[in-house]
Amino acid sequence: MDHKIKIVNDPVHGFIEMPTGKGSYIVNHRWFQRLRNIKQLGMAHYVYPGAMHTRFQHSLGAYFLTQQAIEVLKSKDIDITDSESESVLLAILLHDNGHGPYSHTLEGSIIQGIKHEQLTYAFMTHLNKELEGGLDKAIDIIKNLYSKRFLHQLISSQLDMDRLDYLKRDSFFTGVSEGVIGTERIIKMLTVSNDSLAVEEKGIYSIEKFLIARRLMYWQVYLHKTVLAAELMLLSILRRAHFLFHQNKLTLPKLLHTFWANKLQYENLIMEPQWLELFAQIDDAEVSIWIKEWTQSNDKILSFLSKRFIERKLFKVEIQRQPHDEEKITQYRKKAQNFLNISDDEATYLVFSDSAENHAYSIHDNKINILYKNGKLLDIADASDILNIDVLSKNVVKYFLCFIPECKE
Amino acid sequence: MDHKIKIVNDPVHGFIEMPTGKGSYIVNHRWFQRLRNIKQLGMAHYVYPGAMHTRFQHSLGAYFLTQQAIEVLKSKDIDITDSESESVLLAILLHDNGHGPYSHTLEGSIIQGIKHEQLTYAFMTHLNKELEGGLDKAIDIIKNLYSKRFLHQLISSQLDMDRLDYLKRDSFFTGVSEGVIGTERIIKMLTVSNDSLAVEEKGIYSIEKFLIARRLMYWQVYLHKTVLAAELMLLSILRRAHFLFHQNKLTLPKLLHTFWANKLQYENLIMEPQWLELFAQIDDAEVSIWIKEWTQSNDKILSFLSKRFIERKLFKVEIQRQPHDEEKITQYRKKAQNFLNISDDEATYLVFSDSAENHAYSIHDNKINILYKNGKLLDIADASDILNIDVLSKNVVKYFLCFIPECKE
Amino acid sequence: MDHKIKIVNDPVHGFIEMPTGKGSYIVNHRWFQRLRNIKQLGMAHYVYPGAMHTRFQHSLGAYFLTQQAIEVLKSKDIDITDSESESVLLAILLHDNGHGPYSHTLEGSIIQGIKHEQLTYAFMTHLNKELEGGLDKAIDIIKNLYSKRFLHQLISSQLDMDRLDYLKRDSFFTGVSEGVIGTERIIKMLTVSNDSLAVEEKGIYSIEKFLIARRLMYWQVYLHKTVLAAELMLLSILRRAHFLFHQNKLTLPKLLHTFWANKLQYENLIMEPQWLELFAQIDDAEVSIWIKEWTQSNDKILSFLSKRFIERKLFKVEIQRQPHDEEKITQYRKKAQNFLNISDDEATYLVFSDSAENHAYSIHDNKINILYKNGKLLDIADASDILNIDVLSKNVVKYFLCFIPECKE
Amino acid sequence: MDHKIKIVNDPVHGFIEMPTGKGSYIVNHRWFQRLRNIKQLGMAHYVYPGAMHTRFQHSLGAYFLTQQAIEVLKSKDIDITDSESESVLLAILLHDNGHGPYSHTLEGSIIQGIKHEQLTYAFMTHLNKELEGGLDKAIDIIKNLYSKRFLHQLISSQLDMDRLDYLKRDSFFTGVSEGVIGTERIIKMLTVSNDSLAVEEKGIYSIEKFLIARRLMYWQVYLHKTVLAAELMLLSILRRAHFLFHQNKLTLPKLLHTFWANKLQYENLIMEPQWLELFAQIDDAEVSIWIKEWTQSNDKILSFLSKRFIERKLFKVEIQRQPHDEEKITQYRKKAQNFLNISDDEATYLVFSDSAENHAYSIHDNKINILYKNGKLLDIADASDILNIDVLSKNVVKYFLCFIPECKE
């Protein structure tokens, strides 16, 4: 009578059937539930107020798309066993579990030097123990150690289910409708050739559009200059806090203290689950509370930046293709110094240059392969006559100059 | 060259032109910016993961719809001066400013006994000072003291722009597509008759659908039993904390201490802006941190509930139309007592009954008027032959019994 | 290598997998292909220009939804054999095959007195011969002669896949977004109890919304007065042609002549396939050509009406709840007589009264059953406390008075 | 009381306010109303069943977008007088009026050698007389004789409102969601520089996406091989009929006879309105009736092709980048000859080669200009680093080989 499959409403994909078995164990785990408190797009909501969506939704969405993809591949007689299917799904479910607060924004700054992928592996390692080896194959797949390589590519490649979900989801929630991609069509075109994920010939235009949409989302959303301004401000705050802490001039919030007082290596995370337990408690809310506290700090810089951040009085940003003129930077710093009556060194928290780069397509990573009817396999870079792959694959570097508005007054 | 109007992407309504002048002052005010950190739907995201949208977005959306409505009314030769138009827009922008963390969920529990409308008035009073009387008319309108009553009805009535926005927005973000209403059509049908907002005759079916959609959203989202379970758990936690505080058994977080140690009246808020300044600092994140701390509390109840809340191990809820059987409640409490080894009194935090009520339409409030071509004005209750207004306007009361799952094992 | 399943893009439901086997035979049959030339909504596109969609699309859409429904029912352990599943799908595919030009508008006027359902049965009878009995079970199901009654209800009941598709489709193409219904959710809630299709308890609000949306579509689209004006004009033209033909004053187009010169009975259609072959040639285009020719007719009435129809100079329509005043009609007819210099009798083609009726829900037909968790089955009329089923099930009759604009000048 | 502005529901753009004044005269003209019977995408609905939309809807949609564009330009202080604004709107309304049945498919084959643009001019010339010169300026604009060139570019250029509407509309109705473009955003970015329409710098990614979407629609819809198969079959039928007519072996339907018996020049159309009156009577329905009749023709080829066309038994099509091998063609023709027992010459109606070409962007036409903040104006070809404009602007030629399936058995 009671139909055990739980269904969740996803505004992006419609109804999603929730995982059962090990998947259900994972979804209900506190380490997975915490993703509800980590915004997918860091500070992008300062520019796109709708962008409040979380890693939790994204993980479920990517899981859903992977389910679709597996069904399509099976219908094309690609051999995928039930255990492989379960493992890919577990892997995609967990692929972002290592993300910390504000996703990429603060990556490497709370546990210094550690990437979110390493944290993901660590989480999986410990969950695997709880599940008594139930994640063995999932871990192999995510680490690309599993024999059928195309399973890894579903999770991590230039046309993985992760990207398909996040591009569609980010478009949806930001309202940048031009980023919308036809996930349904792309997935219908998926196939496997030579143990490699490939796209059927007639899907070529969809792939071109996918690459263009991805590029558009990069410059319009992910690297939008006001989004960057917010994220760099957040980073600047943490940098200042870190400096003060090491100068013994700042008492840190407990959780942050733990991580900054201990220089952790990847091995620690793997061997000592208590670190993950603590890390799992640091979400967007936690960080926002630190900053609220720091608005009251005695340190002029820290309180100044924290206040402005909370009230969304952000840095100004100037962007160009070349590094910014040192003289201009110096001049802006002078202004900042005078304005806040601070030292030259201190002004580097208020005026600094940084860069962001992006290539829409990489010729080094797993390629996007087009499978022709005659069996030929071609890299999209060669299959597409319109996309200038030289350019697509070239790093586009943009140089930002961040500064407080007072520098230009 | 520089076109000063700022445009914001709203996934619900498309492009929204940001307010200028006083409106811009308000939007950039820290008191308005804080709405970014207050989820529109409290804990609904525990059931509908997409529902992370905020009062900030909603306020801008309602502002946008009000703009549309004013344009429509003007095109029908309804007299609205520029100053009136500006004031309605300022009023709608601020209509939800008094909301605290998790919107309705915690209403009245942080500043005990104070409704969010009172807080809204308080915020407006102080902002009015900052704007040197610039909100005088907006305040009159929101308080329904202004001569043209229909302006107030745009902000607060059974067919106000507030409802139009939140129904559409909540449908959009929860993915409950059936709650979607045709805001564009309804607004095009608006008119004014006898100083009352009215809907042109041919809009009658749209209004019927609006009422049905509203009812659907109530039972499917706002009063969904798991949503309630989460919200009642949150309330139960705060109730326990409040009890412990007054027993001197709990040291409160600073901000909460301030409010619970001082019994504030509405007058205090009006006269002493510092309260608002403090209240404005309490957002969803702040509360989530309290609960995280309380997971470590010595109090068995408080830590138990806090842990479960964070890990989304919620109350079970049974719903019925009649009050729940006292005997059953007693029996469940016994189970809870045994399970946690607590007293009878303490078990009331884990097992309790509550009720929620809703009427889709009120015959006492501002009616929804249908304006016929012959000039006749009819309440939708009389104009619609399909909607059973007796029922629509009857309070539907549902009784919940909340308890921890262990009570039924 | 070649994956034989053909996929068709449906703007309403997304990708639809085309039927295979017998279903493919049917879809490729000239009798099915002709549905491409029969607009789903007759003349509604005169008011809603987007409403050019056809019975072809609708038949595929209903087929798709039936597929979904069968899958859902099976997942709930309802016993449906492969052969039953195939037969319901064939039945829904053909359920509208008997529709003639402009769908309902001209029903019964080309083959006088024959309903489209009878034509559907006739087409199925002959297709069944071609398929050597392959439609036996499908015919039993559509005629409600099959033991499992719920299979018939999927095709024809107050909550059948036919209605779910046409409401959604008609909303989509007219752009009346308020008619949109949540087909996905409703289908997910379907179940069978007591050999009757039923809806799970928590689907009750969706059903309410479905009934309201249906009613809205009736008055806003299907019975919109300008749509009626166009359809009644078309009928008036055919009535005039029929009169003239029987007066030997009009040479008919060949196909029409065949049908009006032979008084066919249902039996003829069943026994003599040639009639269907001829009928199948009469589509919207064919009729439009007749009318174009008739613009040149010697008969003043016929040419007048035909010209106006083509140029979309339609009747005016006045609607009321009571029959129209005879005196007024007489007076309008006088005007029309004078205007065209015609007889009193002839004026009845230009000025006439008619009525349309609709009930949103019938208490006599197959009810919509709600299945409660305790196993109780309740008619939605009793389950819903908001819908005034007395009213919903009451025929709403509206009386139209059609006349040429000159009558009021 | 009565608000004279009529509103029409467009499923693509929402509510469209119908033109008033001269615009209303035109919309209600029989020459404009006939566009209701001309499908925007010819035979594309054989592949995309939803694609039944008409030139009528498209003309209103382009009108709507032009209205938006004018508003945006005015808000940026571009000088456009009321009379200019009215004239551009009249011009866009009429820009497709010269289209005949099945739009591009039969262009030049009914009135041999005449392009639809010439017919548009002819229609406008005669409507201008009816309006006593009211279209003078609109004609100047559409012919690019008007001083402000950017007004012409709104109607006809590589980023005109025509394209914006048809890409979005065709995507919508075919269900090829990937063709969707962000018309709203593009229009918001429009500006004028140097009397040329231009796009603001930050619109560059939207333009890239527009070009890619356009290309995608070309290969996925407009030049889809089954669509081509249908259109080439239709053309083949007409070619055969034309041949037979000139051999005195076929009595043509009256309207077609008129045009094929008279060799008309553009001048005739301009001087003698009766031709337009007759041409206006030839819509999709008319042609479909010809073909229905021809299924009964004595000519083996004509009846064979006509039957297959109606029953959607289309040509097979093979596509390649080089011309097809003559030998293969000869061999296929042999098969066709044998199959139908016809001559070598006659087989050319059943087996033939043709080509289609497309460039996504032309470097010769009006360029798409990007206006940088520093005032610099750059062709998108130079502004975009990702689009390979050499390729985009290169004609992509694809060679089709059409043949009946029997040729390959």
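Read from first to last, the chains carry the letters A, B, C and D; within each, the first residue is number 1.
Here is the rule we go by: a contact is a pair of C-beta atoms (placed from the backbone, for glycine too) under 8 Å apart; a residue touches a chain by one contact, two chains touch by 3 or more.
On a predicted model such as this, the values are computed, not experimentally measured, just so you know.
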| item | value |
| --- | --- |
| Chain located farthest away, centre of subunit A as origin (C-alpha) | C |
| Which of B-C and C-D has more C-beta contact pairs | C-D |
| Centroid distance [mean C-alpha coordinates] between subunit C and subunit A, Å | 51 |
| Approximate Å spacing (C-alpha centroids) for the pair subunit B, subunit C | 44 |
| Whole-Å separation of chain centres (CA-atom averages), subunit C against subunit D | 32 |
| Junction residues of subunit C, two or more chains touched | 14, 185 |
| In the complex, subunit D residues that touch subunit A | 177-178, 180-182, 185, 205-206, 208-209, 212-213, 215-216, 219-220, 360, 385-388, 391-392, 396 |
| Of all residues in subunit A, those that touch subunit C in their complex | 1, 3, 5, 7, 14-15, 75-76, 184-185, 188 |
| Subunit B residues within the subunit A interface of the complex | 8-12, 14, 28, 30, 33, 36-37, 45, 48-50, 52-54, 56-57, 60, 172-176, 281, 284-286, 288-289, 292, 310-312 |
